[in-house]
């Protein structure tokens, strides 16, 4: 199954020399490549060395797709309230696409503005998996979970202040979701959510 | 303003002899009386000594209203998902009534079943203050807060298990509410919520 | 999709009278029924009132399946180290079966005894979804995640003592899993894991 | 009711380009506008693009009030110890004024200097709602709550060091207030406090 | 200096046989003896073996004072709000007396009822050291600290519920006291407070 | 008693303009002045405006003593392991001196090098109060407490890394001290320790 | 190396039927057996079924040693303050003996009574490994670590109250030990400490 | 035993002047010297003053070995997943070498890639002590502990994000290890692990 999956490198925590060396090696393999959690400056330095790479500043990723893509399949929905959670949502969407999923995003879905969420009813009815990104109180996955019959992957973000505790409040909210179809990944882990969503989406192909 | 307000005794943490003595003194004053957080056995013992008292087992309270009540005024709404949060919701409702508010309850308002909440639209439009009680992820106050233009008092409950941390998850969720009209009280503090709601409700009387 | 899914009642936190009333109502609907987190005494009392119910003491559940089951489909694997996590693992397995999944369990998979885990290689290669239950340091999901290409749902348990913090240590370990295919549910939430696993398993049917 | 209320934008966590775009859209609506949690540099950049905006450096806000204000009504009191909590207190006061409330501040009210608090007795007797801002041990709301018959909204601040835990100590103190008329908002959330205070103040108008 | 000080045994956590043996040994020394944190049943069992002992049920202590006491000296004040903190306050008072201090108590000093505290002005002016016991938000020591020129020893108690976190909220409040003359001991540690207060009181004797 | 005590200003958290204004006002009073928690740059700026002030870089304080000092009295000992806790120890010593105490320091007292502590036996026998400063595991106050008959004020510091949790580990250690004569102040609160030590020392003067 | 090591069963968290079955299987193997964390009642029930077993009530263990022991070797020292930590210390000692180590205990080693510790100087000089058990502030391992040149295994215990947080305070203290030769195991994990100590002790045999 | 051991200085938290002075004194003693947790800039400054020193940038140490080394003995294995934990692993290896141990490292041992760990079977069979360094979920020590019969010293690292809580997740995982031969040191404390490993390794020499 993992055939065609990209190699993934977590840039955070690695010295640049080390990161650069791993990247070189990966490029030699001619496999698709996804580098996550890489800041602007390090990305620029990496692209200077390896001009074939593409930088995605919002999701803080770098990619390379040497092989012509097969058309992406299925449907993964990525939802958030469209404010400070965009970076994480985009990291999830990019990851799922890199793993072969078709992805649709809806970034105007706040818990305190339900009508805007309900306006996305087509997406709510057609996606095979949902990724729901939320900071602060992290209530959106429960609301989405109550509206759909599909697996919902909840991604807490570190957005907020004070009692948000760097995303712990949102994380706890999601783990205690009263909706039965919700599972959770680490704070700001858009990558992990996109990865699992693509796995589920792919599983469901005939 | 506090004229007509009951004397309030927190039973928890007091030895029975001490509780009994304070109660006797309070009954002598002929003021309305509200005793909160009192278990079944201690309530029975107290009523044996003071038969004029009334026991409310679900909200774990004991009351005495020696003076004929003025008709209750305004409208306080108490909302919860109708399962394990009933005791706290009832404590809030009883408190608000003891302080002179008219109270209406709606106990079928889960975040993962929005239609049941939306069905309470008359209440959502007419109440002057909202008390929203929720355990687990504590998302209900944000949803209600987005639907109404009035102050919402959020009450986290200790219901749940594991990462609910005895109500801390719900408390954090409420403190981080993305709705601007939400304030929060302590975990399981139905009394505090009912008290402030009645104050606000009363403030708004001509 | 949810057609055929059971009604689910969380018994914990409900007064018996309330639980009994909800159960009666559910039985009238003739829908399949799953009651979770119900202790021995309350289960016995409930069965005395409703003899058609079945009690599952290990996973602490009560069920009713009035309609002849369609044959269960797909394959969900439930893994744990086979000691103190059995109850949660069985709750997950029972839930997934109630939702129509075929389930196989392997309860001899400790992190500090890898050969016993590796012995389950057929199961590792054939299941469509994995539920991995672990207490204490919660390392098993990462190890399984590294061995399979499928979604892994990690369930931390409250087993352990001291710095296990009632399951928080295992929960944190799982959220920080270095395997990309792992998502997590609340501590001891076998129900949630079984539910999502069945959803994923069902999604993948042609 | 919300007629006349400003549109509110939380600047923190948004990229500047995104913030600027939302601001432009809001200015087109000709509605009053309140931008919170915006630093000096970003405010300057925003005013360069939109010279009609006003910057309030102490409360870290930017506002626009295109429509001639109706005279503000009622009375909201904002109290703090007058040292490091000024920014949050001013954010609360500005918000309440933007929502139409008359606001009076008293910034010399430390718990360890009660006489200075008691000197504000006229304000204590005339305000309809109280906002009490405090860091460190967060005891001031309880003291004020014991002196007045009105709702008290407590705002913990992140001021302090060591065991103040970035405001958690003050927050916990306020949630456990022994005064019955106290509710709490998130750490440093002057905006939320001002918003709810204005709602309550407005409710009480004939 | 420690001449005349009692031997002290912490009963909690010791098996009865062990406790009994240590007690026997201590009685042989004919030194004053103070046993703390001992429950009713174990105290009764101990007195059955050693009838010369005295049991103090409220502070949960057992004492023996074989030598005629010198008249107690100086003045230690013990203050609390007079409700659920009595046991800890009495443990502090008993300890300070056992160490030779004269002790006066005032148990009607709630933060939300300042006039009752201010009524104790003679005590506030004459004591050489203050022990202030408080649960919930633990604000009383700051208020007392602002009124007196003497050392204040703050004792948080585990009274409260929810966000009181078993006394952590009160403890944090006291550690962050804005009054400069406050130091703190462990939650419910009336013994420690009484001990240090007596040391300070004694130090000040000519 | 407080006659002769300095005015104290906590610089941290105050804008410079505000700090400067308070300082000017204080200098007009001709009272002794102690400014704590002030960084190098702000101190320089303040001294540029008010050249009569003295800067103490290690304890991060600024002082002014316009009146000829009475000779300092009694004896306060300040102990630490002489490494990274010097700044806090010096803040305590300076504060106690500003309040009229004679102070002796011993900065070579590590728990894992007992002989160096025991070498200070004269100081251990003559001081009236002890301030013991320690980071990491915070064990030094217990050891000192077991060696002396006087009050010990324990000051946890934020030195350390990882599980030191910014001083929480040391703080908890001190609160749980098995020595009866130990009380504790906030993390890094050398000022508070010096203040209380001077109060106790002064109390003990004939 | 592990030849001759006992089979170990953790009783806690296992249903009795399950525990009994594992025990039967183990007895059939004729290998030495150590069952840990088993309460009095369950031990009695187990011995009724398997009379060859021995119960050790203080360390809460059950053992079986079918093969004549080789004489134990080396020297492991087990130290604690001799009060409430005895059970954990004895669990460590029993475990180390079951693994073939010679063990000497010294249970009178409190941090606040250093002379009693120093009295054990022969043991301090001859043991090859030290196990130091301590609750409350957990300072003993640092003191011992500073006195010896050998590995010290620190065992925090859950003894204490309030800010001891069920042993977390002691655990954090030990992890932050300023002595370089200290490593730590879980709270109350006498078994783990005894196991590793025996491994180290055995390693050092010629 | 400690004869030949280096003097160790913890640079973190010390002012440069202080660090420099201690270093000068140490160099005069002509003893081996190990300085830990020293950043690049401070190391350069120190080497400018003391050119005989050697800087090790990856483990952030500075050393001096004036005496010709005896050949290192025994075998300590240092394992990690070879990504972001290298600095801590190298600090452990360097420390153990400075204390006279022969050290072999294997930095390609991730939990989610077991085959790479199992490839190191010679090392697993020959080392006398294991140091296992891991961040995020910290599961590697349990896996290694299950494969070897020797003491395993687990070192959690602060690598990771979100729920890794700066290394607390890894630390808790290691403390709860289901392998009996695991003890733990502080987060990022490669020094401590190397020190104890060398002590154990040395103990085992004939």
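Here are some notes:
For clarity, chains are labelled A, B, C, D, E, F, G and H in written order, and residue numbers in each chain start from 1.
In this section, a contact is a pair of C-beta atoms (placed from the backbone, for glycine too) under 8 Å apart; a residue touches a chain by one contact, two chains touch by 3 or more.
The model shown is predicted, which means the values in this text are computed figures rather than measured ones.
Counted by residue number, the contact pairs of F-H are over half the same as those of C-G, the matching pair from F-G, D-E or C-G. Averaging C-alpha coordinates per chain places the centre of chain E 26 Å away from that of chain F.
If you average the CA atoms of chain A and of chain F, the two centres end up 50 Å from each other. Spacing of chain D relative to chain G, judged by their CA centroids, is 56 angstrom. Shown for chain G are the residues that touch two or more other chains, namely 160, 162-164, 168, 171, 175-176, 186. Inter-chain contacts occur between A-B, A-C, A-D, A-H, B-C, B-D, B-E, C-G, C-H, D-E, D-F, E-F, E-G, F-G, F-H, G-H. Residue ranges on chain B touching chain C, taken from their complex, read 83-84, 86, 135, 159-164. Within the complex formed with chain D, the residues of chain E that make contact are 81, 110-114, 136-139, 142-143, 145-147, 160, 162-165, 168-170, 172-179.
The touching residues of chain G, when paired with chain C in their complex, are 10, 12-14, 18, 37, 156, 158, 166-168, 171, 186-189. Across the complex, chain G is touched by residues 1-2, 8, 128-129, 149-151, 153, 171, 175-176, 180-186, 191-193, 195-196, 199-200, 203-204, 206 of chain H.
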